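Here chain A shows up in two complexes: once beside chain B, once beside chain C.
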Partner chain A sequence: MSDLRIGIAVHAGLSDELHDALVRIAERCDVAPVSDGGRFDAVVRTAESTPAHGERALVWLDDPEAPVPAWASAVLTAPRTADAVAATAPVPVVPLGPAPRHPSARPLAPFTRDRVRRARGLTGPSVAHGGPDGWTWDGADVPDDAVATAAALASVVVAHDEPAAVLAAAWAAPVVAPADVRAEVGLPDVGDDLEAAAESLLADAVARARHARACRAAYERTYDADGAVRTLATVLGVRPSSPWRTGYADALDGLGTPAGSNVRARAHDALRSLRSHR
Partner chain B sequence: MDVIVCGAQVPFVRGGAELHMDNIVKAMQEAGHRAELVHLPTAWEKDRLFDAPLAWRMLPLDADVVISTNFPSYYARHPRKVVWLFHQHRGAYDAIDAPWSDLGLDDDALEVQRQLTEWDTRALGEARHVFTTSHVVADRLARYNGLEGEALYHPPPLAERLHTGEMGDYVFTPTRLETNKRPDLIVDAMSHVSSPVRAVVAGRGSMTADLAARVERGGLGDRVSLPGFVPDDDLVEQYAGALGVIYAPFDEDYGYVTLQAFLAGKPVITSHDAGGVLEWVEDGVTGYVTDGTPEGVADAVERLAADRENARAMGEEGRRRASELSWPAVVERLLSASA
Partner chain C sequence: MTLPPEVSTQAVGVLTGTPVPPEPVQQPVDRPQPAPAADARTRVKSSVKRAVKPVYDRVAPRLFAVVVRRAEQLERELAAANARLDALEGRTAAGAPDRVNLALLVEQVRANSINQTLLKAEFADVLRRFDELGMAIAPATGIDGAAVRLAEQREQISSLDRRLRVLDSRVNAQAAAVQARTDDAQAPAAPAPAATGAEPVPGFDYVGFERRFRGAPDEVLRIQRERYVPLLAGHGPVVDIGCGRGELLTALAEAGTDGVGVEPEPGMAAEARARGLTIAETDAVAFLRDAEPGSLGAIFSAHVVEHVELDYLLEFIHLAVSRLRPGGLFVAETPNPASLIVLGNSYILDPTHVRPLHPSLLAFLCENAGFRDVRLNFYSPAEGYHLPTVDPELGEVAAAVSTGFGRLNDVLFGAQEYTVVATRGPA
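Up next, the complex of A and B:
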């Protein structure tokens, strides 16, 4: 839970995307209508409203062409419009929207995938296809309970639908997908010949690494609400109210450290002797 | 501006990286800025690998600009962080299969490598700009982390003191006597050199005894000298009086020796797999790029000895290129990237 206290000053008739964004904020922050009064770190408004004197306001923009009001400290927008808004916005842009998907997925960069496949004795091109008819690995069917593994270890994933693309991007796979799926997920353009795109990535380690990172970034832009709220706190300059409790945990969370990672235990252990024990 | 330069410290070790950090601070100060070095110890074993990055993450760095250099100093957090990357933890990337890397193919090691890649990508991705010391380092950054780095070259230590001199009767190599620097290649090459050219291999390291044994076994006592550590005054004169410099490390990040040789007007003999050295040594123009065998290196030595005028011309071209490097230009580039 973030220490942010966010006021809401938007009227009825919200767009679905604004509603989703507010739900993400409410799940992670202390949220209240501005009419309730009190101190807020920032207030979410739409462009036509007017902030109170001295208020720090976040503007929600549905339309990437809409100008950013001068009073806005940051822009909140749906992930699908974030890049377009960020291209011209004079203030930071924070994408927020859909509920998290595949929160347990950990990014595996192409070099790491190579090593895991080597450790598992997986030879061959290791190209996975995912779509409405299921998944395959180098042409062989993948059981349902191994689909995430395929997404995590394939050298390239050819995703034929949005669910496959999102799963693969969550694991930081180099994903090639048709144009409509790419647009839906925000994946980088690879052209329309997916097999050629896959072959090209297989042949170029640098391109593969860059593409994988871009795919994971697209996934985080849409589905990493925790990261978005952390960004918001940074933009607003809000520090944790009790950093001695959460300081190193926040730093570890910000780097995507898994819950059971050894470094968490080491950090906790290093501070153990400084804590009072009852 | 107040500038903090961040770097990793390996206690009791002082080499090129430490010199580089000091030189960045000095260059910033000479440009009129307040600059200080902040360095923290680090550990490389996989069980402690993340300790120092986390420590960097927690540091309050109250300055206008932070310049981070090597792993794990780029984990520092600052709104105006610029990275000038010397290298990442190579034992997790390009050198992961080297004997000294403890990251094998067991599940624990695989997860450590995965996590370090994710951490590195995030920490480096925060920077306003990522520079690298060479294209070799930029290529590794792209290959392993999918990130862009811009090569930013800088002058080597002793740049202002190095000078030209006679094309003498020896080839010179100042280097740490360690496996990756391949000083044994030079000793072995000299047994194939028939012209009356000597080799001087200066430096200290774990291969000292091995090299001495090679010299003795090969009967090269009057052809190869191993003077050990050479102080800077002598180093400058050794460069100035050499016919050429042999510098053929394996996959070097940058290679100060190359640039020092050039500033002394000497051509450089290197190997096809020397990494960043190859960004400066152009075969037949500023030196020779060999196949890395003792015979190949010996042949290059013979070619220098057989045509001293050409050797001088190649050295002069190297000097012209290296003379274009300047610390004021580096400072300007680093600070403009932080804006």
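Up next, the complex of A and C:
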């Protein structure tokens, strides 16, 4: 849960995507209708409404070509329009929408995958194929309870459908997929020859790392609601951006915790009850 | 860095199909003991150790066991608390859609409340302006009396108009009389007309004409009873202008409403008297001139007004207003010339018809004379002549044809007669 208290100033007739975004926020923050009164860190509005004096407002935009109102502190939008809105919006854009998928997945970059594979005795690069007929690992069938392992450790994942592509992207695997799957998930373009694209990524470690980061970013843009809400809290100034400036920061620094590590976020959340509200 | 369980050794074993033996438990490693030094301080320390060690060996394990047990208990309680917190967070997250829907509903109610307040303000403004309009028209009673006040003003204007027309006609008549006397004084006397030997021609047999062309008398009477007995009942005394044999007056008497007939034709008047009815053997205007003002409940005529000249009709209506009591009814049935089948057929068939009276004209004359409530009722459309209509569901052309034929039917073969029902207002 986040510290945020978000007001809702929209009512019936809103789009399904806006409703999904509000549910994502409500799962992680305190939400209440604006008419309840009280202090709100921000209020969700549509472009037609007018915020109260001194209110920090988040504007929901369905149409990427719609202008961003001058009163908006940030833009909320569906993942499918996030890139188009962000290209022209003068304020931060936070995509929010579908329910999280694979929340337990952790990003494993290609370099880390290589190390783990060596540590587990898996020799050489491995290519996993995922699709409606199941998964394979270097041509061998993968049991259903090991599919996540294949997505987490494969050098390259060739995804033939959207569920496989999302799972692989959640684990920050370098994913090559057909054009329709790429469009559905938001993955970077690799051309139509998937085998050639996989061979090309296997041969270039830097390109493979860059591609893996892009795939993970596509996943986070759509399915990482926790990350989106953390971004929102940072934009609104409720959550301090790195480096942390609270008391436990020195202790974590002494333990060598990386600056952008999730450990710092979890520690900040765990000490929420001891913190005073601004 | 802690790796997720999906990349553990066991998980990789499942992936590759290679069973993984369980990892051996690591035994604790004893720390190497430093060699003792030979100085006095060391000897004292060694002596103390030798003295304390038996006590330490006896007490420490028990203390450590208590501490370990307590630590394990705290760890279990912490795990249980974390599990409960996770469950609580899960339930909170599961209720998120309901919280959002409730917030949306509250905002919708608030918006509706605001709109309702705005509408109330607008409605209140409309009501205020309505009241101001009413006070402007009827200062004493406001909007409730505005309709009555407007009707009174309309009657006053019509009365002034009638008086002006009467004065105008008197002036014209006097001027004409003066001119005639002047012309007579100047012109020579005209020669007397020569006597002729022409044969006398019998008058128009209107009774025979009606028998042939008006329709079965019983049917005509039945229709009259259906239309007018309910309307006239309770509005006695009813004057039936051109009552004929008095069938309608008889029906009204059966309904408990008294009346008097006006019938200039002696034969018909005699038949009506034979039924026990009171009959005045004169014309309508002469009868009304002799009647007391405000003494009559209703004046009825059927197919009379199209037989008189305009001046006679104007006086008839004017006298009707005067002789009816407040709330009295003036009912006149006449052919409808707006239906061309009537104008080109049944109306011209009767040679005694003087002027066709368009419904709007007769209504205007009644309103101008001072009647308060003037309504028109239409009867007997010439459905036998109607052009066939087409089912509109057959398409746009069919719908257009059907609409056109409908209009033609209204114009050519509409209601063949109508009745004006005018009510006299309060005194």
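The working rule: the second predicted complex is superposed on the first by the 236 of 278 C-alpha atoms of A that agree within 3 Å, B and C clash if a C-alpha of one lies under 4 Å from a C-alpha of the other, contacts with A are read in each partner's own complex, and residues count from 1 in each chain.
Definition applied: a contact is a pair of C-beta atoms (placed from the backbone, for glycine too) under 8 Å apart; a residue touches a chain by one contact, two chains touch by 3 or more.
What you see is a predicted model, and the numbers here were worked out from it, not measured in a lab.
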Margin query: If we overlay the two complexes on their shared chain A, which of chain B and chain C does A:26 touch? Say first, second, both or neither.
Written below: second
Next item on the list: Check whether A:108 is in contact with chain B, with chain C, with both or with neither, and answer first, second, both or neither.
Entry: both
Note to self: Quick one: is A:214 in contact with chain B, with chain C, with both, or with neither? Answer first, second, both or neither.
What the structure shows: first
Next item on the list: Would you sort A:8 into first (chain B), second (chain C), both or neither based on which partner it touches?
Entry: second
Next item on the list: Using the touch definition from the top, say if A:122 reaches chain B (first), chain C (second), both or neither.
Entry: second
Next item on the list: Applying the touch criterion given at the start, work out whether A:49 contacts chain B, chain C, both or neither, answering first, second, both or neither.
Entry: neither
Next item on the list: Check the residue A:266 against both partner chains and state whether it touches chain B (first), chain C (second), both, or neither.
Entry: first
Next item on the list: Identify the partner contact of A:252: answer first if only chain B is touched, second if only chain C is, both if each is, neither if none is.
Entry: first
Checklist line | Common interface residues of chain A - those touching chain B in one complex and chain C in the other | finding: 106, 108, 116
Notebook entry, point to check: Touching chain A in the complex: which residues of chain C?
Noted result: 3-4, 6-7, 9, 11-12, 14-17, 89, 92-93, 96-97, 99-100, 102-108, 110-111
Note to self: Which stretch or stretches of chain A touch chain C in the complex?
What the structure shows: 1, 8-12, 14, 19, 22-24, 26-28, 31-36, 104-106, 108, 116, 120-122, 137, 140, 142-143, 145-146, 148-150, 152-153
Note to self: For a test of understanding, state which residues of chain B touch chain A in their complex under the given definition.
What the structure shows: 47-48, 50-51, 54, 57-58, 93, 96, 105-107, 110, 113-115, 117-119, 121-123, 139, 142-147
Note to self: Looking at the complex, which residues from chain A come into contact with chain B?
What the structure shows: 106-109, 111-112, 115-116, 118-119, 205-206, 209-214, 247-248, 251-252, 254-258, 261-263, 266-267
